[in-house]
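In what comes next, subunit A is part of two complexes: it sits with subunit B in the first one and with subunit C in the second one.
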Partner chain A sequence: MNALTDTQRNATTATGGSGNGTGAAKPAARRRKPIRTRAYKWFRVVALVAIVLTFLAPLVWMLLASLKTNVDIYDASKAVIFSPTWENYDNVLGRNNYFTFIFNSFWVAFVSTALSLIIGIPAAYSMSRFAMRRSALVVLMARIIPGVSLLVPWYYVFSNLRMVGGYEVLILSHMFVALPLIVYIMMSYFDSMPLELEEAAQVDGLTPIGAFTRITLPLSVAGIATAGILSFIFSWNNFMFALVLSGANTKTLPVAIFNFVSYASIDWGGLMAAATVVTIPIMIIALFTQKYIVSGLTAGATKG
Partner chain B sequence: MKRHNVMRATAVAALLSLGLTACGSGGGGSEEASSTVRVTLANHVWTDIIKEAIPEFEEETGLTVQLTQLGEDQLSDQYNVKLNAGTDEIDVMMYRPLQEGKLFAQNGYLADLSERVEGNAEWDWSDFQSGPVEATTFEDKVVGVPLITEREVLYYRKDLLEKAGLEVPKTLEELEAAAKQIKEENPDTAGFVARTGRSAAVTQFSSYLYSFGGDFIDDSGKSAIGTPEAKEAYDYYGRMIREYGPENVSTDMSWPEAMAIFTQGGAAFYTEADSLYKNATDPADSKVAETVGFAPMPEGPAGSKPYNVPSWGLAINEASANQDNAWKFIEWATSKEKTLEVQKAGVPGPRSSVWEDPEGISTYPKDLAEAIAVSAENGVGYDRPLVVSVAEAREIVGDPIVAAITGKDAAKAAEAANTSFEAFLEDEK
Partner chain C sequence: MTALSTDTTQRGPAPKGPKKTGWQVYSDWANDHRKWLFAAPAMVFVGILIVFPLAWTLYLSLTDASGSVRAESDFIGLENYAEVLTDTQRFWPAVGRTFYFTIGALAIQMVLGMCIALLLWRPFKGEKFVRVVILLPLVATPVAVGMMWRLILDPNIGFANQLLNFFGIPGQPWLSSPETALTTLLFVDVWQWTPMVVLILLAGLTSLSDEPDEAARIDGATAWQRFWYVTLPLMMPTVIVAVLLRGIDALKTFDILYATKGKGGGSFNEVETLNIYAYGLSFDYMDYGVASAVLILFFMIIVACMWLVTFRRKGSK
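This part shows the complex of A and B:
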């Protein structure tokens, strides 16, 4: 899939690069042609660079700052050229034991996403196939309610159950947000999937559940991946629930990052190094999985 | 048929996963053990030092300390949720007496410590400075023990003053003249810098307000920020930053930004809390570590009246079932020895005996220790309006500061703020 898109892109640039003369010489082409003047090309490059720079600048700054000492961070003359130090990373990963927090974040995100998928996909399927629009609305309500308003009652209930500070409560709270998200994404995904596929499967002798697990589910990988990744990212970044519901040993990364902000001193270098540690894994995950988000497998499925 | 199967499968899946999580949680809860003291502390140098000493305490008493440590705003958020839910999972809490003390005390979150503080002559409650003690007392009941104190002092650059041939300013007038001269002689250096954020600047502005003879609230409980004294103070503070401050000064600087300008060598004078001095004297954070000097808050028309407040205190959660052990921890953490130890590490404490002890100030720059001594004497016990909704009040009384900095009419802004503050105070009654 990926290779194909690449070739397509190459093909486009090749025709673009071959000059305007050949393009104009073919009046037969009625398709709306992209403008391919030199000015436009330059404009495109400049616009792309401007946009990418705008979005990347904070990240780059973060990365650079994480390699500086606290004095250098404020020094404008050392913005780009400075002598890098690994001290901050040593501080974050060594002395402050961020591996624990990385594990916590990962574990909570992974389990809450997995459980939400297990519950959410069948739920979405039934809501899509059996037109349970009112139930769907109720699920959506859970997404609409602001998390803050739930925190106090949650804390009250879970502290009475003596669950505060454990992984379970974090996982449950993250599922509360992840589940509606997954149900909604998957519902529209199943809606768009032709019923004929399942009917054909049943004609060939599969039970309805068999058709779901063997035909519909494998075709939904792209949708599941999208929902799963979004849910994972939400959980990874969630601060509010973790702040109140986590304990000293189950702190997740976004909460732990504040260890570098003290009342009378802020360790900017350490803070930026910790921020980098928080950002990198999720960026890697997003980079590797984005092809699932981009590619729709069903597009090919019904053509044949 | 098809319908039912699918629905059943869905239901089973849902039940299974719920069951799984429920089972998982069953083992997670632990029985409450009264020999465990649960302590919630803010990120602070004080906390770092105490944390290392906790094994000492555990050995002495046979208790176990369970420590939670958070940044100041996160701590606040957590208290608001947890205490509101009536938690008994916090025993000892580090809190900001001036920011949250009144709210917490009024809501009954803080246990009455009046009897406990008087109970131990050796620990000696009378040793605590009166300003800070006032701030941890609510309706004649002691609800907290002051932990860390701070006062506003003048940070200045010795080298710049020397170059300009100036003495350390003793009055606000001299300060303005000196800032003006230095700014004129050194185009790249600001004469003066201070916090500019609407809310953040309020505490540092308070010393100016008092020194001009003003206050936030008058004796009858009415807003006092519309008085001529207050207007003058607003105007002065704004003018200093507008005319002698850094170029294109932003109006949302709190201490990290203002301190950065000073420590990068960008300003000659800076008024700020003394508890932040290490940021300026530590070469790892500061380029002016060698040349920074300290002086008491310059005198205004009403004298030199900096605040002298407890920025942090320790309290016991009223809902805690473990108050006796919680008090043991507080007693240990605020003992004379611990206070001395922490103070030597650069955290100004609330005990008079430690300040009088030459050892207590041995690690401080000499001029800073002197400035602190002066400020402790004539200090005012609060640095922000003493109300329940402090955050909101700070926004209101901070408004004229920003107006003055941006060159608007300070008197007019003060009038407007006075009206809203009046209404705010009326609401809070």
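This part shows the complex of A and C:
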């Protein structure tokens, strides 16, 4: 319901905006002269509303279903109007150890992101400043290789080391996802950063490493935030590594949700509550850090 | 002795004064070698986690390892490869599905993504809201997304069929039928990842300069001509980046397929791509030798695809 009113308001403001022809907020250079026909204007509004509905409606549906009893989920007449209940959340969070899984997901994502940042940022710096393109390719290989091909050997080694089921092995495997991402993002960030500041700092008596830690790093906070947020999200969402390498007590949320349906009949309300629990934190992070996420996902894309 | 002393003075003034403390020796050494000092930890980490497993997978693919990772295994040469490459029951259909899924999803995502990016290109009111909405599918946990679509596409209680019935169209089996399951999942992938293409293309579009487009407009080019002959060629580098990034991920799609159809890609293996097949062989059937052969072949396919895309890119320049 809420989403619908939002999109409607949006639709009307969009027409108003293009009708005026001048947006005060945007620089004039980006604006095109208003030669569009009325038909195109309406087409654009309809298309935008359709886009918003397509991407938003399924998520809203999931949220609504998580607030319904299973009887209501089966009842088509109660699609939108129903009496919401917290029952599903009570069941999921109360009975199924979900707080442990939430903690596991958070802890693994947090530690693997932190460690990857620690080894990834200097590597990205070096690879950017010394143009080590081949070395960069080695790290980026980690993004290309299918994860399954590494899982069998990892499983073999880590089970011999009696590490399977512990946090360490999960963190290591998630670092493997986070590190290439961080190196990729930070490399394009350092590439776009002028050399002059570091050179000036070295003229003033700082060592090259001192210039890196005292000048470059503080100036890279935005890039580091971008890399950190994205790597946290990717780790939080990761399913395959945790599916194989986690134990009963170190299960992360995606694995817990997957196990939810391996029993005979599906408790749809509970499943949707569980799915909402894993998605909501990420959505909230995304709402507040949208700018960083977009710049991270598109890093290096425009250089060609 | 004298020769030695003149030698040191000839080296020029020492940068940090005559006496070096122990700390400074280390510090100088670190500064001189910072290139590899900085890069090494990350490279060693990735190297150990990649090179050893790849070598191991290559070795396993030449043995009959199965049952347990600790079990005895014999070297059987290329037998696994022969078995896999002549397997028309599981392997070749899986290759076909992988390509169907990847090429289908990629093509739809690129076309849709370009359309949406062009729609969002010029500023409008409510832009911020639309951009946030577009970001949501992208950051949503794929397993949760799979479960969400399972409910929406359920033939009996799902919203999708309720909607179709409302318009008088008969309900579809979606995920439950072997014929439609893979295509349905292809569209779930399109739903989740088109926004990624939009964001990348939008970043490319915003970095374009307006002049070529203006010049074409003054010459009387239509909107379509301006897009096809001016904007698109200028966007090619960005398009290729998007194709590469999305293509690799689409080839490796695992989460939504496994979360919605489970082991073996459903009871008729209807959504079993190479990734699902290799995972099933490894962890559901413990047939490590064959699984490794499949993985090595899969890896070769990915590298070949990447090489094709980047090679064509260099060729066109």
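One rule holds in what follows: the second predicted complex is superposed on the first by the 239 of 304 C-alpha atoms of A that agree within 3 Å, B and C clash if a C-alpha of one lies under 4 Å from a C-alpha of the other, contacts with A are read in each partner's own complex, and residues count from 1 in each chain.
Simple rule for what comes next: a contact is a pair of C-beta atoms (placed from the backbone, for glycine too) under 8 Å apart; a residue touches a chain by one contact, two chains touch by 3 or more.
Note that the structure is predicted; figures quoted are calculated from it, not measured.
A.B. asks: Output check: A:205 vs subunit B and subunit C. Expected answer is one of first, second, both, neither. What do you get?
C.D. replies: neither
A.B. asks: So, A:247: does it touch subunit B (first), subunit C (second), both, or neither?
C.D. replies: A:247 sits against subunit B, while subunit C stays out of touch.
A.B. asks: For A:146, using the defined touch cut-off, is the partner it touches subunit B, subunit C, both, or neither? Pick first, second, both or neither.
C.D. replies: second
A.B. asks: Determine, under the contact definition given at the top, whether A:287 touches first (subunit B), second (subunit C), both, or neither.
C.D. replies: Once the two structures are laid over each other on A, A:287 reaches subunit C alone.
A.B. asks: Who does A:155 touch here: subunit B (first), subunit C (second), both, or neither?
C.D. replies: In the superposed model, A:155 contacts both subunit B and subunit C.
A.B. asks: Quick check for you: in the superposed arrangement, does A:259 touch first (subunit B), second (subunit C), both or neither?
C.D. replies: first
A.B. asks: Looking at the overlay, does A:71 come into contact with subunit B only (first), subunit C only (second), both, or neither?
C.D. replies: Touch status of A:71: first partner only.
A.B. asks: Which one hits more subunit A residues, subunit B or subunit C?
C.D. replies: On the superposition, C touches more of the residues of subunit A.
A.B. asks: Would you check which partner chain A:168 touches, where first means subunit B only, second means subunit C only, and both and neither mean what they say?
C.D. replies: The first partner, subunit B, only.
A.B. asks: On subunit A, what residues does subunit B touch that subunit C touches as well?
C.D. replies: Dual-contact residues (subunit A): 74, 119, 122-123, 125-126, 129-130, 151-153, 155-156, 159, 172, 207-209, 212, 244, 258, 261-262.
A.B. asks: Any idea which subunit A residues touch subunit C in the complex?
C.D. replies: For subunit A paired with subunit C, touching residues are 6, 9-11, 13-14, 16-18, 23, 25-26, 29-32, 44, 47-48, 51-52, 54-56, 58-59, 61-62, 65, 73-74, 76, 79, 119-120, 122-123, 125-127, 129-130, 132, 135, 138-139, 141-156, 159-160, 172, 175-176, 179-180, 183, 207-209, 212, 233, 236-237, 239-240, 244, 253-254, 257-258, 260-262, 268, 271-272, 274-276, 278-279, 282-283, 285-287, 290, 293-294, 297-298, 300-304.
A.B. asks: Using the touch definition up top, name the residues of subunit A that touch subunit B in the complex.
C.D. replies: That would be residues 69-71, 74-75, 115, 118-119, 122-123, 125-126, 129-130, 151-153, 155-156, 159, 161-169, 171-172, 207-209, 212, 243-244, 247-248, 255, 258-259, 261-266 of subunit A.
A.B. asks: Could you please specify the touching residues of subunit C with respect to subunit A in the complex?
C.D. replies: On the subunit C side, the touching residues are 27, 30-31, 34-43, 45-47, 49-50, 52-54, 56-57, 60, 69-70, 116, 119, 122-126, 129-144, 147-149, 151-152, 157, 159, 162, 191, 195-196, 199-200, 202-204, 207, 210, 237-238, 240-242, 245, 248, 251-252, 254-255, 258-259, 262, 275, 278-279, 282-283, 288, 291-292, 295-296, 298-299, 302-303, 306.
A.B. asks: Which bits of subunit B are touching subunit A when the two form their complex?
C.D. replies: The contact residues of subunit B facing subunit A are 2-3, 5-7, 9-10, 13-14, 17, 20-21, 24-25, 28-30, 42-45, 66-72, 74, 77-78, 81-82, 84-87, 89, 256, 260, 263-264, 273, 275-276, 278-279, 283-287, 311-312, 347.
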